[in-house]
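For reference, the structures are reproduced in the following blocks.
One chain, chain A, appears in both complexes that follow, with chain B as partner in the first and chain C in the second.
And now, the complex of A and B:
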């Protein structure tokens, strides 16, 4: 395909947006937990996997539409996050003073263990079979772009959730408190932000996002108990590109990743997918070591 | 408290009973002791999602054999017990496991692990301990380089044979132009390497030929190009994961070539569930089995599998696994557990299986033809070659 056609193709734009918005949703959850608590949740992709199973069972056993199940599963994910925070992680964190290095190392080990347990429990409970179901796959034509219903739904829900969370972070008091904790933890503590509340709510929000991403994923592709890890990796690439803890830049980075996966592949070759991905990643780390939008933020 | 005491007493009683039972049984140890059969399987790791159709088949077989009183070991029936470990999707782990099964667990017989690299890795172990094992889920031109002796491969889905047969089939169905898209993993890469020269020889115009990596998440750009080429046939040399991605996106983009070939994935029961029966209909894939009245036991196997697991067996992997069990069963019935005699029997006898007769020359099955199956009204039917076809090939009418 000539490169002009590639860049102007609505079909590719749609594909890039679907991929990018899913990455954004996955990375958002990961970044919330990291940003507020400096915890590296390497089990994040496995939570996505569990969300996918929840939607799968709801659909195949009870005939519940994934679109109906989505908010329920997100809330359940949030509740699990809240429970884990209360039961396990609150003690790790203490008060205003957080030894970031210690928390990062400990949480890495904890979540790594959790990841292995989740994968294997899922394999035991659900068998390692590939799972997938058919839902909302009629093709819709819009101009010369053809889209399946489930991809439109995934784009709308993932995109809408990301925009909603972004608005929450920049407009509401609770959101501003969350950002305050991310940027200046001690200062936020001193001016009276309820850090504990910010922490449990970001945990719940992060886990909820993962569950929701799983539901959307289950409509689009097949999955198994071991499908989560690639999402953890993609999530980490996105949040490192955007700057750890910088939620809004993460959204932009996710769209960039989606664009590389579609436009990059279209302009070069599918075999170069990983090369392109990591080349951009390395280049971004060298040129913008604090994240893509760090300079903008500094100026503000 | 009382309850506890009871339990302890019952426990002791059971122990005593077992001990007593073991004493008079000693003289007939052979017949009473269960036959221990070992294998490794990828239960975790990246390949775990591909193995259940094979592991399920083993499970079904054990259940059936034990229900009829056990496996015939040279005239004596013995119950079958499995000794199995998780190889974590790592061939080197499988090597260690088979060594342990032979030297430490001292199993009586071995079954095959899942997948080509695993078969190739453990072949030297079988050779070293002179332990015969009938392989099943392995297919590669590299198999011909495996030293013949203690391992056999019943599959006929060898890449270079697939290329020849597929091109013959395409020509017979008036395919003039084709697009080839291939996953870079070994099996599909081998097919692609063999297929391109065959297509050229057959006078089929290859409009587009491209590779993609196994972790591909979106095929929009490749399939847009494929659609522009408007080929008579799309040959999607995919693995199970991307077979679904290909089908879903081909549907979205309206890539409606009448001949749709997808290498691996559609023979497994998850495929029609993932893409929907209407989309699955008309897809051609690799397999050389389907229930046919001419193949004794094939319908019974199909029915038993569906009854136990609630879904269709994999027409490639489950059938191969069952064939390997049938061959082993016959060789053991004839020779008992004498490894050298078992080896001699498997090497030269002809075995009746659910996939018709099988005979090995070296490591390869020389009877079963390379074949293709097609989804027709939700069922897989053999459509190539004519000699074993269970239905006529039909062009695919859209997704």
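And now, the complex of A and C:
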């Protein structure tokens, strides 16, 4: 296929949108936890992987449709996030003042250890093999674009959730409090925002988004205990490119990454998918060397 | 303090003598274990030259190892092996010098994930190039004798230990420590931080490049993904954290502890090994951020009378 046709193909646009919306959902959760608590959750992608396994077992063992399982798994993910926050991270963080540098460096190695444990425990429990199931895979034609039902459903759910969370953050009082903590933590604390409540709710919301993204992943492609990590990398790229607390820019960055990956692979070869992902990752970090914190400070 | 230094010297000398005598007495399996211990010593000590001294925690140390191994394999039986191994060290150093400036501008947790990303990018790029040219794996014939490999590795482990010992005591090392404690303050006081960081990065790259080159001769069947395995980087960090301390002694404790664990488990139960490694990482970060050496030092300080502690 000549490259002009590649770029104009509706099929690829659809594929890029599906990938991008999934990345947006993953990055949203990562961004919430990072934004409110300054912790880079390296294990975020592994939560996605666990969500995928939950949906897989619900479907293959009990015949539960992933669309029914999705909200349940998201709520379970949120509950796990709440529990972890109460049991471990609140103590780790101490009071309202967060020394960003120290917490970030320590928590990174901590989450790295957690990520290794989750991946390998999953591999011990579920075998390291790839898994997949067939659900809603009949083809729908729209113009000259053919789409499978599961991809349309995934796009709708991921896109809808992202828009819903964005509306929550910009319209509701609780959402505004969350953004206040992300943008100016001390100021939010002084004007009476319940920082503790904001932290547990963003932890729960972030983990819930990860679980939901896992369900969608399991509907789309095969996965293994090690499928989570690329999502962590993608999530990092999105929040570095998009910006902390800037959710619309984050959505755009996720769609951009989906497009880079989909079109890049289509124009070159599938072998280059990881090369592309890591090249964008390295480029994003080198161009914004001190991450988002410094950019945010610079803007003030 | 003097007693503990004497204990360290004696222990170190006894350990070194045992390691040097190993090929004369042990069978191939035992020599293989000794080789692994020496390899981890060389890798961890060289990692400390950058990461422990400056606080720039690199999660991509394996990239130098992989590049060195790859160079030796690509030039297999076309270049004398000794030159290839030296070339491996030079290649790793050149790579560090090339990427050092942009990469070392990135700080804190961003440097950690960036170093990991650079390592993975190199791995996937070489893998893509290999599969494009149709060589996914290679079989190597005519590797040198095990004892030759062993003594080459012993020399590298010694070199890495001496390097870290020298850096730790030198003026250069004090400069590195100053930028670990407060980079802005060090820069304001006229410490040439950019030059120091880059030099430490290049120095820390040479030895793992040569280690990779030497270890490549051990593998009769060579796969690119294996020599760039990120687990090597993670193991190195775990060893350094377990050991703790600020000089060349601390990492040795961690290496001996983890090398034996990895020897027992990596081949037979790799998943379980990784779970234990992750757990160790979490426990040491949360409970013992200064490692075993820090634990020993704390014991010593507590044992001393209070007036000695108060003295500046």
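Operating definition for what follows: the second predicted complex is superposed on the first by the 252 of 300 C-alpha atoms of A that agree within 3 Å, B and C clash if a C-alpha of one lies under 4 Å from a C-alpha of the other, contacts with A are read in each partner's own complex, and residues count from 1 in each chain.
Everything that follows uses one rule, which is that contacts are C-beta pairs under 8 Å (C-beta built on N, C-alpha and C of every residue); 3 or more make two chains touch, one makes a residue touch a chain.
Since this is a predicted model, take the numbers as computed values, not measurements.
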Looking at the overlay, what does A:186 touch: chain B (first), chain C (second), both, or neither? neither
Look at A:236 in the shared chain and tell me whether it touches chain B only, chain C only, both, or neither; answer first, second, both or neither. second
Does the superposition put A:281 against chain B (first), chain C (second), both, or neither? second
Given the touch rule stated above, what does A:40 touch, chain B (first), chain C (second), both, or neither? second
Identify the partner contact of A:196: answer first if only chain B is touched, second if only chain C is, both if each is, neither if none is. neither
Regarding the shared-chain residue A:123, is it in contact with chain B (first), chain C (second), both, or neither? both
With both complexes superposed on chain A, which partner does A:112 reach: first (chain B), second (chain C), both or neither? second
Just chain B (first), just chain C (second), both, or neither: which does A:221 touch? first
Mind working out whether A:147 is in touch with chain B, chain C, both or neither, as first, second, both or neither? first
On chain A, the residue positions that both chain B and chain C contact, one per complex: 119-120, 123, 128, 269, 271, 274
So in the complex, which bits of chain B are touching chain A? 43-46, 48-52, 184, 210-213, 215-222, 224-225, 228, 240-241, 244-245, 248, 251-254, 268, 270, 273-276, 279
Chain A partner contacts - residues on chain C that touch it in the complex: 57, 59, 102-103, 105-110, 112-114, 117-118, 120-121, 124-125, 127-128, 131-132, 234, 237, 241, 271-272, 274-275, 277-282, 285-286, 289
Can you check the complex and tell me which residues of chain A touch chain C? 40, 42, 92, 101, 104-110, 112-117, 119-121, 123-124, 128, 233, 236, 269, 271-272, 274-275, 278-279, 281-282, 285-286, 289-291
Mind listing the chain A positions that touch chain B in their complex? 1, 6, 9, 11-12, 14-15, 18-19, 119-120, 123, 127-134, 137, 139, 146-148, 151, 220-222, 224-226, 230, 261-263, 265-266, 269-271, 273-274
